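Can you read through this structure? Questions will come right after.
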Amino acid sequence: MSADTSLVAPGAEKKRGYLALLVAGFFTLLSGMWVTLKNLFRKPVTLRYPRERPELSTAFRSAIDLVDFEELGSHDCVACMQCVNICPSFCIQVEGQKYDGVKRKRATKFLVDYALCSVCGLCIDVCPTETLKYSKIYDEVSFERDAFVFDLLEPFVEREEAFLEGQRIADAKEAEEKKKKAEAAKKAKAAVAAKKKADGGEEAEKAEKPKAEKPKAAKPKAEAPKAEAPKAEAPRADEPKAEAEAEAPKAEADAPKAEADAPKADEPKAGKVDKAAVEAKPAEPKPKAAFAKPDSDAKAASLARIEAAKKRALEKKKQAEQQAEGEGE
Amino acid sequence: MALNGAGKGPELKEAAQPALIKKAQGAPGTLSEREEAQLMAEAEPFVRFHLLEDLLNAARANSLWPLTFGLACCAIEMMAAGAAKYDLDRFGAGVFRPSARQADVMIFAGTISRKMGPVIKALWDQMPSPKWAIAMGGCTIDGGPFKYPNQYAIYEGADKLVPVDVYIPGCPPRPEALINGILELQNKIKAGRRFKPSTHEGPIPIAKAERTNAPTGRKVKG
Amino acid sequence: MLKTLSDLVPNVFLAMLLAAAAIMAFATVNALFLVWLERKVSARMQRRYGPTVVGPFGMFQTLVDVVKLLSKQLISPKDIDKPLYHLAPIVVFVPVVLGLSLFPIDKSFALVDTNVGLVLVFAFAGMGFIAIFMAGWGSNNKYALLGAMRAVAQNIAYEIPLILAALAVTMIARSMRIADIVEAQGSFPYILVQPIGALIYYISAVAETNRAPFDIPEAESELVAGFHTEYSGMRFALFFLAEYTNMVIVSMVATSLFLGGYKGPLLPGPVWFFGKVYFLIFVMLWLRWTFPRLRFDQLMTFAWKVLIPLALANLLVTATVLKVMS
Amino acid sequence: MDAVHPSAWAFVVVALGGALLSVSLRNILHAIFGLALALFGIAGLFLYLGSPFVAAMEVLIYVGGISVAMVFAVMLAYSLGKKEGGSTRRFLAVVPVGGFFGVVGYALLRASFAVTSKTGSWDLKLVGRKLLLDYNVVFEALSVVLLLAIVGAIIIARRDEKTGDDKTADEKAASKGNDAASAEERAS
């Protein structure tokens, strides 16, 4: 009987006979079985995920995040829009504002839709202030399709005011130093100019005080509707045109559409309230007493904060305009 | 609100916020009214046997057999999740069944092209109920990087085809994310909750704490 | 002397009921255990953990799976051959139940004792193909039909060396009664006398149960799930149950023919018997998680060109030696 | 005559029912499965008559082997699931079937049945001895017939090694004739 050709490589069957082939094949099978038997008694390599967490490589990429710079005490997004422009997935939305007394522009809104993002990293490459980085989110999951729009400014909202304050002072100092240098160069003219500027700086600081009160007044306003309606309802009831669209995009819906949805929305809301309450707690511990709220609904709170910050910003802008007008006169 | 302009035309702004557009149009996902009604009826049965139902739900939750079914790159991560390092089988979800008749959960792992759509729908219809769907990766949530105005090639999200229970973002998500998704689905099943058509209530982030407590931490200084 | 259940229980019908209940219970528990074992063994061989969540070491994982399968929707596809489709999961179970009852698990006990037990086992095993074919044909699915045809072709091919290998043993033992064969293996098991026969038998048995590396009837890369592609829920579970019980049956035959059945020092008979059976099953799992699937032509080549000639030669040599020695 | 045990009647019912199914069903595959059922019932009858070996062989060879082989033959040769049935042909079939039954019935009525099975130990050894000593020639002749059948089947099914096609000798002859005919046509 000739050797079976289909079981072996061509050429091999010419050297060996039928039985020799069989025996050789049998021993190769045994060697294979020896490998699996050895592994049967070795320790598994499994990472028991929910209990053990992976050590992520430094090259690991996930959704982008804002860098927290130590010397600034905050992020350094100047809302230059370069990341928005370069993003191939249209997943970034940024808005910024120029604050009075602060030299650089400042982001007032930074949204990333992680569901659209393909982690290409172009935004990080293009960022002029290097305030973008990859985050280490790796196991985010949701029952809802729209849960992956991250508000990157959220952790910075509380510190925003302090940062602005500091920045204002720093900028003023810088300006002063500049002026001093200018003074040293040109004494006669410099004296007049420095006085003028100093006045201006004082005025700005004076204006700060009444301003600081305003947000506090605004806050209860934001809270009032939230007390009645559960969670996500808050921004909608609050101000339909608000920037809160980031968190609850529904708010932008046309009035009739919102009404049409209302009956449908009723039912599941009841189910979601408890979940929202449960999840809100670990979400973000609030260190600042001024922003600590009786209601621990973090999302609504942050919305209200953004709201308040925006109002403040608006008022400042108006004041700045008025000042400019006054100066112009 | 006269904030500084976004620097882009309105059409790009719209593209940047597809969720907003969808909301504004009140897009009801994918389900026909009949399907919706059927699902609602399933969600609230006429008579309840609580103990039995809890038992069955626990059994179903711990025996989620996925369909061997990969669409694109995310499928590689799905395979990795079943392999030695991550081992989906620990949770009883490692029995990848080749036949839709024997599967419980469909993991959408990859871009859903227009051509694949009918096939997916057929496979989904072949699965015996109760069945669940997991959308894995950005493409299956809402189109991901392939989504742009006037695109013609893909379905913008798995929920255009079937009711999705759990969404896992990422491009692609790590195997841990898939395991987390399976665990969340188990919680959902154990709680006796069925899919209900999206009500556009707004985002409910589940793993927000996870995000802030990521291993390397968020507090990078310098 | 060997006792059967009808000797112990006076009423014949009571004995039948008892036997049926015992076999069903054994088949079910055994399948639950084996599936768990398979998942654990495969996991450890791949250096994973396998099921860990449900019960200690995940032991109740398969129980949970069965409860789930029980509660799943039973789908009857369109244009199926209704009688065949619905009958197949039941018919596949009949030979399994019949076959299980024939083995002496101790020196003094077997459920049923007949002087042609060995032939009966193979006869019942042969009936299993019909059920597989009914399933494949009745499903009105090309993959199911292809899987069924492969299964039947493979089973016919491998039944020949299987029976030839067993025949050599019956020639030595001069009986087809399983208890006699076990008794005839005095101080040493027949695997020492018939090593090649034992090997041929075992390889053919693995092929008979449609398990890897001979699992081409349900090769998922080509045939979806083979003949049970269209079966969901409990019907599918019945096929699964039959497959795992078939593993036990072929292992029981191997134990009785080649490993000395219930014989062994110190420990009681049933312990030795089931110990040997489960060792053989473990080897089957081991094979499955080591070797890749054969191609169909390789499978057929191996049966017709390797196993059958070898088995015939083995039979001839055995007969000659017996004639010379006697 | 002894009283027949109810289990024997059960087997009779199974055998007759299976036979009835196998001749009455339109779907040829159903008919084959009915035949398997009938054979199973006959095996049960053998068991009842005290010959478990023959019963086991009946199941092993006929139920497990022959009926499966028939299924295969049908699948390979028949257009699947085709339902056959011309009413005129069925009436034509009455003639040979009636003739066959007549002959068999006549033989049955004429034969005298002596109960031999219950006397001795009709077990495996006896069967073997009878087959290989008393009826040796018949046994071997049957084997030769089967061998011839197998060889014939192989010849019919074999590919032509030179041309590699599946044509049998007859078909080849036919095609040769066609070729010749076409050659003639071309010539003219």
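A few notes on this one:
For reference, chains read A, B, C and D in written order, and residue numbers begin at 1 within each chain.
One rule holds for everything that comes next: contacts are C-beta pairs under 8 Å (C-beta built on N, C-alpha and C of every residue); 3 or more make two chains touch, one makes a residue touch a chain.
These numbers were taken from a predicted model, which means no experiment stands behind them.
Chain closest to the overall centre, judged by the mean of its C-alpha atoms against the mean of all protein C-alpha atoms: B. The busiest chain interface, judged by C-beta pairs in contact, is A-B.
Chain centres here are Cα averages; for subunit B and subunit C they lie 41 Å apart. In whole angstrom, the spacing between the mean C-alpha positions of subunit A and subunit B is 22. Centre-to-centre, using mean CA coordinates, subunit A is 59 Å away from subunit C. Per-chain CA centroids place subunit B at a distance of 57 Å from subunit D.
Within subunit C, the positions touching two or more other chains are listed as 43, 46-49. Multi-chain contact residues of subunit B (touching two or more other chains) are listed as 84, 87, 90.
In subunit D, no residue reaches two or more other chains under the touch definition. If you draw each protein chain as a dot and join the dots that touch, the picture is not a line, a loop, a star, or fully joined; it has some other shape. Considering their complex, residues 39, 43, 46-54, 58, 61, 64-65, 67-68, 71-75, 220, 224-225, 228-233, 236 of subunit C touch subunit B.
Per the touch definition, subunit A reaches subunit C in the complex via residues 1, 4, 6-7, 22, 29, 32-33, 35-37, 39-46, 48.
Across the complex, subunit C meets subunit D through its residues 81, 83-84, 114-116, 119-120, 122-127, 129-130, 133-134, 137, 149, 152-153, 156, 159, 175-176. Residues 27, 29-30, 33, 36, 40, 52-53, 56-57, 59-60, 63-65, 67-69, 71-72, 75, 123-124 of subunit D are the ones that touch subunit C when the two sit in their complex. Contact residues on subunit C toward subunit A in their complex (touch as defined above): 41, 43-49, 286-287, 289-291, 297-298, 301-302, 305-306, 309-310.
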